[in-house]
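Chains here go by letter, A, B, C, D and E, matching the order in which they are written, and residues are numbered from 1 within each.
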Amino acid sequence: MIMRDLIWIFVGACLINNFTLSYFLGICPFMGVSSRISTAFRLGLATIFVMVITSLCASFLNAFILPHAPYLQVISFIVVIASTVQFVEMVIKKLSPALFRALGIFLPLITTNCAILALALFQTSKEYTLIQGLAFALGAGSGFTLALVLMAGLREELELSTIPGVIKGTALNMIIAGLLSLAFMGFAGLFSGAA
Amino acid sequence: MADSGSSNPLMLGSQQQAGGGSVDPDRMYREFAKGIWKENPVFVQVLGMCPMLAVTNSAINAVAMGAATAFVLVFSSIFVSLLRSFIPKQVRISTYIIIIATFVTVADMALKAAFPVVHKDLGAFISLIVVNCIILGRQEAFASRNRPLYAVADAIGMSIGFAFALLCLGATREILGSGTLFKYPIMGSNFQPWVIMILPPGGFLMLGMILLVFNWAGQTRAKRRHRADGEANAGGEVGSAS
Amino acid sequence: MTTTAVTSGGVVIQPASFRHGIHPDEHKERTEHLEVERLPFVSSYILPLSQHLGAPCRAVVTAGQSVTRGQMIAEPGGFVSPTLHSPVAGRVANVGSHRHPNGSMVQAIEIKADPFDDQTIHGPAGSTLKDWYDLSTDDFIARVQQSGLVGMGGAAFPTHVKYKLPDGKRCERLVINGCECEPYLTCDHRLMVEQPDAVVQGACMVATKLNADQVVIGVELNKLDAIVALEEACDRYRDQATQAGRPIAFDLAVMPLKVKYPQGAEKMLIKALFGEEVPAGKLPLDLNIVVNNVGSMAAISDYFLRSQPVIERLLTVSGSGVIRPANLLVPIGTPVREVLQHCGLRTDTRQVIMGGPMMGQPLASLDVPVLKGTSGLLAFTEREVVHSSEYACVRCGRCLEACGNFLNPSRLARLARVGRLDELNGVHIMDCVECGACTFTCPSGIPIVHLIRAAKSAIRARQAKERRNETKK
Amino acid sequence: MLTTLTAVGIMMGLGLFFGIGLAVAHRFLHVEEDPRLDLVEENLPGSNCGACGEAGCRAFAESLVSGINAPSKCTVSDPDTIESIAAFLGVDAGAQEKQVARLYCAGGISQARQIAEYEGYASCRAAHLVGGGGKGCAWGCLGLADCMTACTFDAIHMNHDRLPVVHVDKCTACGDCVDACPRDLFECLPVSHKLIVQCRAPLEGDAARAVCQVTCDACGRCAQDAAPGLITMRNNLPVVDYAAGGPALPEATFRCPTGAIQWVEHGQFEHEDLPVALTGVHIE
Amino acid sequence: MPPLAPNDPSRPTVSSPSSSGGGSPPPSPELLLKAGPFLRKGVTTPRLMVDVILGLGPVVLAAIYFFGLSAILIILAATAGAAFTEFILPPGGQPRGRSLKDGSAVLTGILMGLCLPPAIPMWMAFLGGAAGIGLGKLAFGGLGQNLFNPALVGRAFLQAAFPQAITTWSSQGTVAEFSTIRPSNFALPFMQPPPPVDTITTATPLGMFKFEGQAESLNNLLVGNTAGSLGETCAILILICGLILAIRRTFDWRIPLSILATVGIFSLILWLLNGERFATPLHMLTSGGLLFGAVYMATDPVTSPIAPRGTIVFGIGIGLLVVLIRNWGGLPEGVMYAILLMNAATPLIERVGQPRAFGRTEGGKAVAS
C-alpha cells in the first residue's frame, strides 16, 4: 500500500502535475537551457539531485524549526537550501572535477530556480513524510527532466528549419511548450481510479 | 577588489555611479518609463515567466500578483539601494534574497489578511515571488548601483510593466476562458467559454501569441523606420533576412 | 522489369544484388543494339594534363612540335598519375589554359591533326610488349602506367595504382565491373558484346600478374547477350591458355546481377557479389579485392597485344538532343561539339551532360574535350530536362530506402543547408558516394545530392585549411 | 516579544550555522582558479569567431591571462576595450592595424560573361561544383553570396552587380568570408594596403579580355609605373609586396587598361546594396 | 567495321571541318547548368497528399452514410478552417495561396473533421481546423517543419477548450436519417450549442466499457454501427484503406503495424490476467480512434521518425501509451494524446533509430576488416 502511494506521488509529480508543464515552475531554465539535448539532460540530472537535497532540508526544517516560527518558512527555506547546495557544489568541485564540469556548473543556476522553492512549499503544504517527500522530489525532478529533454529534442530539430523571423525565439518556444502541455493533458487522472 | 557595487572592475562605460549632486528629474522619468514599454520585463527581457503564466487565469489574480510583486520590488529596491555601500560583494546575492524574502513574507501575510480568497487562488505563488528573476535582476542590475530615488523610479516602472503584462495575459485568458473580466460577465450569457484558456496549455499558447504580436509590431516598426531612413542606412538593422 | 532468375549453364541462379537502391527507367533501348562506329578524325584535339584523379601530367612537348599518333606527349606527374599520348598525328598548336568539362581552366595540350598522315599508331615497340606473360609484376604495373590507363568507368582513377598492392595485401579476387547501371549508357554493353575476348583477355592478364584466386565479371541481367558472349569468351580463353601451356590458375566466372542502381559503385558491387561490406573510409583492397571496369580490361588487352595506348575510348551519345544516337569510338581530346554534331545535334538542345544521367556533370560549354573517363554524352532538349519544383521535405523516408550506403540523406541535406559541418561528419557524410539515388526518388524535388556535394566540398576546404595551419605550426 | 525572540534566534542560529559551515568549506574545499579569467572573458566580444587563432573567446581569455597572446589579437573588440584589457592584465596591447576583407575580383554580372545558365541551390560553393556555375571566368566571383551568409558581423552585402560589398567599419577581419569563398577570392589585408588587384585570372591578353571587361590582361603597366620592386608580375598577375618596394602610390593604377588594379581608399565597390530580401534568390 | 582492330586497312582519315557539319555549324545553344541527377522518379509531394486524401475517401463516405449531412458540414467546416488559415498566413514569405497547392492543409482539415463528434457546432470545427494549421503547422514555418501532427493539435485544442461539446456523442444509424441535421451544428459562432434534446446522446464503446463495464459487440465495431467520431467507427473500412495505402507505399507500414501489434499484445496480457477489468484485445483494437489514428494520424511522415527502426519504436510507444491511458487514465480514449506525446519524442527517437551505415558498426565506427 505504501509502495502504491509512493508510486502515485511519483507519477503525479512527474506526469500528471508536471512541474513545468502544469505548474509553470522552472520556466527560465526550461526556456534557457533547452537548446541542446545533452546539456538539457545534465541540467535535469542536476535538478533531480538538488530537489532531493531540498526535500531533505525541507523535511528537516518542518520537523524541527518551523513549528516554532511558521512565518519564517520562506526565508529559512531559501537560506538553508541555498547554503546546502553551495556546500555540495564545493564538495563536488573538490572531489570530482569531472562530475563538477558535467553537473556542477548548473547548481548555482538551479538554486534560484522557483521549482526548488516550490517543491519545498508544496511538500510542506501537502504534509508529506520524509519518504513521501523524497518520492515527490524524484517525481518532480524526473518530470522536469522529461519536459526539458523533450523540449531540447524539439528545439534541436527546429534549428534545421527556416522559422519565420517574427515567431522565432521565445514566442515559438512558448507555443511548443503549450503543445507539450496539451499533450501531457492526456495523463490527467492517471491511476486515480486505481489508487 | 574592494570596488563594491561594480561586479567587474573592467566594465566599461555603462557605469553610472551616482555620487553627490542633485536628483535629475529627467533621468527619474527615464528610469521610470523604460520599464513600462522599452525594457518591459516580460515582453522584452522575457523574465518572470513563472508567475506570468501561473496566476494569469483571471484578471483579479493577475492584479493581485502584480501588486504583491510591486510591493516587494519597490521596498527591496529601497533597502538594497540604501545598503548598497555596506553589502560585501561576496554575499550580496544572499543578502538580496534575505531582504526580498522578508518583504515577500510581509506581502504574503498582508494578502492573507486582506483578501483570503485571492490568497488562496494564488497559493504558493506569492511565496515564490522570492525567486522571481525580475526582482533579483533589478537589485543586481540597478538598485545596487544607484541612489534610492532612481531605484524607486526604476522599481515602480518595472512593476507597472510587469503588472501590465500580467493584466494583458490575465484579461485575455479570463475573457476567453470564462467569458468574464474581473468576474463581470462581458460576453453574454450564451457564450461558450474556451476552457483551455484557464488550463496550463492556454497560458503557454496565449503568451506565445502575445509575444508574437509584440515581435510583429516591433518588426513592422523597424521595417518602416528602415524604409524611412532610406539609403543612408541601407542594409542596416532589419530584423531578419527571411 | 527483367526476369528475377536466369539460367546459366542449365542451373537456375538467383541474381545477386545489394540492399536498397533504385530502379530508374533505363532509356537504353535507343542505343543498346547499335554497333560501335568510329568517329571520323576532326581538325583539332585538346588534351588536358589533368583528366584523372591524382597529380596532373607534365607536358613533354612544346608548341610547334609535331607528334605521331600514340606518341607520349605528357609524362606522369607522380605515382598517382598516368601517361598521356597523342590521339592523332599532327602538330602541337599550344600548351596553355583550356576549359575543363568541370568548369575550371586547366593546362592542356592542343594538337592540330595532320590531314595527310595515315594515322598509324606509333606506340611503344610492339615486340617488347607482346610477351606480357614473362613480365614481372612491377614491370607490368609500370607498363600499365605507361599505357595511360585510368578507370574507364567514369571516376578516372589511374589503374596501375590499384595494382600496386601495399604490404600485407594481395589481390585474392579481381572483380570486373560490367554493370553499367547508369541509364542511357550502353558503351560497356556494346564492348562486352562486340569485344568479349578483349575484356576476358585483359582480365586474365591482370589476374595472372596479380596472382588472383578468382576473377568475377559482374553483369546486370538487362545485358543477357553480353553475359552469353562473355561466358563464351571465358571458355575460349581457358582453352587457348591450356593449349598454349599456360593454364589459368584462377576461377573465371561471369556473375549475373539484378538490375539496380547504383550497382556499378564498387562497394555495392562487392556487396552484391560476395555479400561483404567494405569498411567505411577504406578501399576494396581492404578485403583483398581489386575492382576494374570492363573498358579498362579491354584497354589493357589493346595495349599489351596491339601496342595501342589509351588514345581513344568508347562512349554513348544519346538523349533527345541528338538525331542519331550512337555508340562511338572517339579519340581522347575530341571536342564535345564535334562528337555531338556528328550525331546530329539539335539546335534546341538545352542541356548537355558528360557521363550518365545520374552521376554525370552538366557542361557549361561544348568546347571542352572528351576525357579518358567520359562514358557518355547526353544532349537533352527542354522536353527532357528535369525542372522539378521544390517542396519542403516531408520526411517520407524514400531517400533512406534508396541509399545503398544506409545513410539518412534527408538529414544530411537539412544539415548541409544550414552548414552544420561538424554534425555532418557525425552522420557520415563522407561515406556518401554521390550516386544521386536519394535525389532521384525525392518527391519534394530537393537537390539532396547537390547539397551534400557542396557540404563535402566545404568540409574538404576546412580540412585543407586545418592541415595548412598544422604545418605552419 | 517571545515570537520576535524566536525569529531572531532561529535566523541567527541558521545564519551562524550555515555561515560558519560555508566559511569552513570555502577554506578547505577551495579550488584555485585565476579570477582574472572570467573578468577578461566578460570583456571579450563573445562572438567566438576564431580570428585570434584560438578556439573561441574563453580560450583566448586563457591565452591572454597566461600571456601567450597579446590583447590586440582580437580583431573584433574596439581599441578601447583592448587597451583596458591590456591595462588590467598589465601587459602591452600589441600593435594592431585594422584589417579588412578584400575581394580579388571586380567582375560582376555586368562585366563578366556568363556562358551558361545556372539553376538550382543558390550558393556559390554549390554552383561552383556544377560546371563552374556558368560564369565564363573560372576564377571570378559567382555572386551567390556565400560570404554574406557566412559573415557574422553583417558586414557584407551584395550590390546590384552581385559583388559583395564589404562595409569597412563593420568588418573585423575574422576570416569567415575567406573560408566561405569556394574560389578563394577574399583575403584580409591591412587597411593601409591600398593597391588592390581585383582579379585572379592568370590569363593574358585577348584570352583574358574575352572572359571579363575588368580582368587583368597581364600588360604589366602597373609594375612599370610603381616604385621599383613594389609590384612584380607573377603568373600573369601583378603581386604587390609592400615590404619589398618603395611607397605605394595611386599612380600605379593610372595606366591600367581594364581597371583590374585599383587604389582603394575605403570600401571596394561603392554601389547601392541590393535589398536584403533579394540577395538569396536564384539568378535568372 | 570492327572498331578496335589494330591495323585496319580502311583506316579513317581526317575529315575537314567543313565536311563534318555540312555547312556552317549550328549556333551554340544557351546551355543549362543544373545539378544532377538528370532523371527523376516522378512521384511528387502533392501527389502523396492527394493519395492520402483519396485513401480517406471511403472513410468520408462511410462517415456520411453513418452520420448523415452533419458529417459533410463538419468536415467542410474543419477543412475550410484549415485552408483559410493557410491562405491568410502564408508560411515563409511565400505568395498567398501557393502553399495551399501542396494539398497538406486540405488533408489536415479533412483528418481534423473526421475525428470530431457529429453534433459539434460547425464553428468549433472551423476553429479546430484553424488552430491545427495555425498552432500546429504555420507557427513552425509550414509544411515539413511542424513538430506535432496539425490535425491532432487542432483536435487536442478543441478537447481542452470545449470538453463538453467534444464528448457529446449522438447515436447514429436507425435513429438519425441521412437528412437529419443535428441542430447543435448550427450554434452561432462563440455561442454554446443548444442542449441536445431531439437527438439521442450516447457513449462511445470505449466510454461504455470504461464507465459502465459494457463491451460493444465486435460486429458493430467492425461495421461501424457505433457512436463515436465521424471517421473512426468503421474498423473494416479503415483497415482496407490502410492496407491499400500501405501497399502503394504512401506511408510507412511499420508504424500502424507496430502500434496495433503493441496494443494487441499488451491488452491480451492484461485480459488474460484479469478478464473482468480489462477489455478483450479485439475490442481494444477495433473500438475508438485507434485504427483511424494508427492508419491516418501516426503515419504523418513529418512528425514520425524517418528511419525504419525509429518508426517501430515510435509505434510501440504509441501502443503502450494508448493502453496505459485507456485502462488507467481519466479519459476513455488516449490515441490522440499518445500520438502527440510520441510526436514530441520523435527527435529523440530519431537519434537512436538510425540504420547501421554501410561498412560501419552500429556505433558508427568503420567495421574491422
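Quick note on the criterion: a contact is a pair of C-beta atoms (placed from the backbone, for glycine too) under 8 Å apart; a residue touches a chain by one contact, two chains touch by 3 or more.
Owing to the predicted nature of the structure, the values given are computational and were not obtained by experimental measurement.
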{"item": "Chain-contact steps, minimal, separating chain C from chain A", "value": "1"}
{"item": "Furthest chain, CA centroid comparison against chain B", "value": "C"}
{"item": "Most widely separated chain from chain A, with each centre as the mean of CA atoms", "value": "C"}
{"item": "C-E against C-D, pair bridged by the larger set of C-beta contacts", "value": "C-E"}
{"item": "Between chain C and chain B, distance of the C-alpha-averaged centres to the nearest whole Å", "value": "69"}
{"item": "Chain centre separation in whole Å, for chain B relative to chain A (CA means)", "value": "23"}
{"item": "Separation of chain B from chain D, taking each centre as the mean of its C-alpha atoms, in whole Å", "value": "40"}
{"item": "Rounded Å distance between chain A and chain E, as computed from the means of their C-alpha atoms", "value": "35"}
{"item": "Sites on chain D at which at least two other chains make contact", "value": "115-116, 119-121, 126, 129-131, 133-134, 277"}
{"item": "Chain C: positions in contact with at least two other chains", "value": "361-365, 447, 450, 453"}
{"item": "Interface hub residues of chain E, defined as touching at least two other chains", "value": "30-35, 92-93, 135, 139, 144-145, 157, 160, 350"}
{"item": "Residue ranges of chain D in contact with chain A within the complex", "value": "3, 6-7, 10-11, 14-15, 18, 21-22, 25-26, 29-31"}
{"item": "Chain D-facing residues of chain A, complex", "value": "65, 68-69, 71-72, 75-76, 79-80, 83-84, 86-87, 90-91, 93-94, 97"}
{"item": "Chain B to chain E touching residues, read off their complex", "value": "187-188, 190-192, 194-197, 199, 201-202, 205, 208, 242"}
{"item": "For the chain A and chain E complex, residues of the former touching the latter", "value": "37, 149-150, 153-154, 156-158, 161-164, 167, 172, 175-176, 178-180, 182-194"}
{"item": "Sites on chain C touched by chain E in the complex", "value": "22, 24-25, 27, 36-38, 40-43, 88, 113-115, 117-121, 183, 194-195, 198, 267, 271, 277-282, 286-287, 298, 302, 306-308, 314, 329, 337-338, 341-342, 345, 347-353, 357-366, 378, 380, 385-386, 388-389, 391-398, 400, 404-408, 410-411, 426-428, 431, 436, 439-441, 443-445, 447, 449-450, 453"}
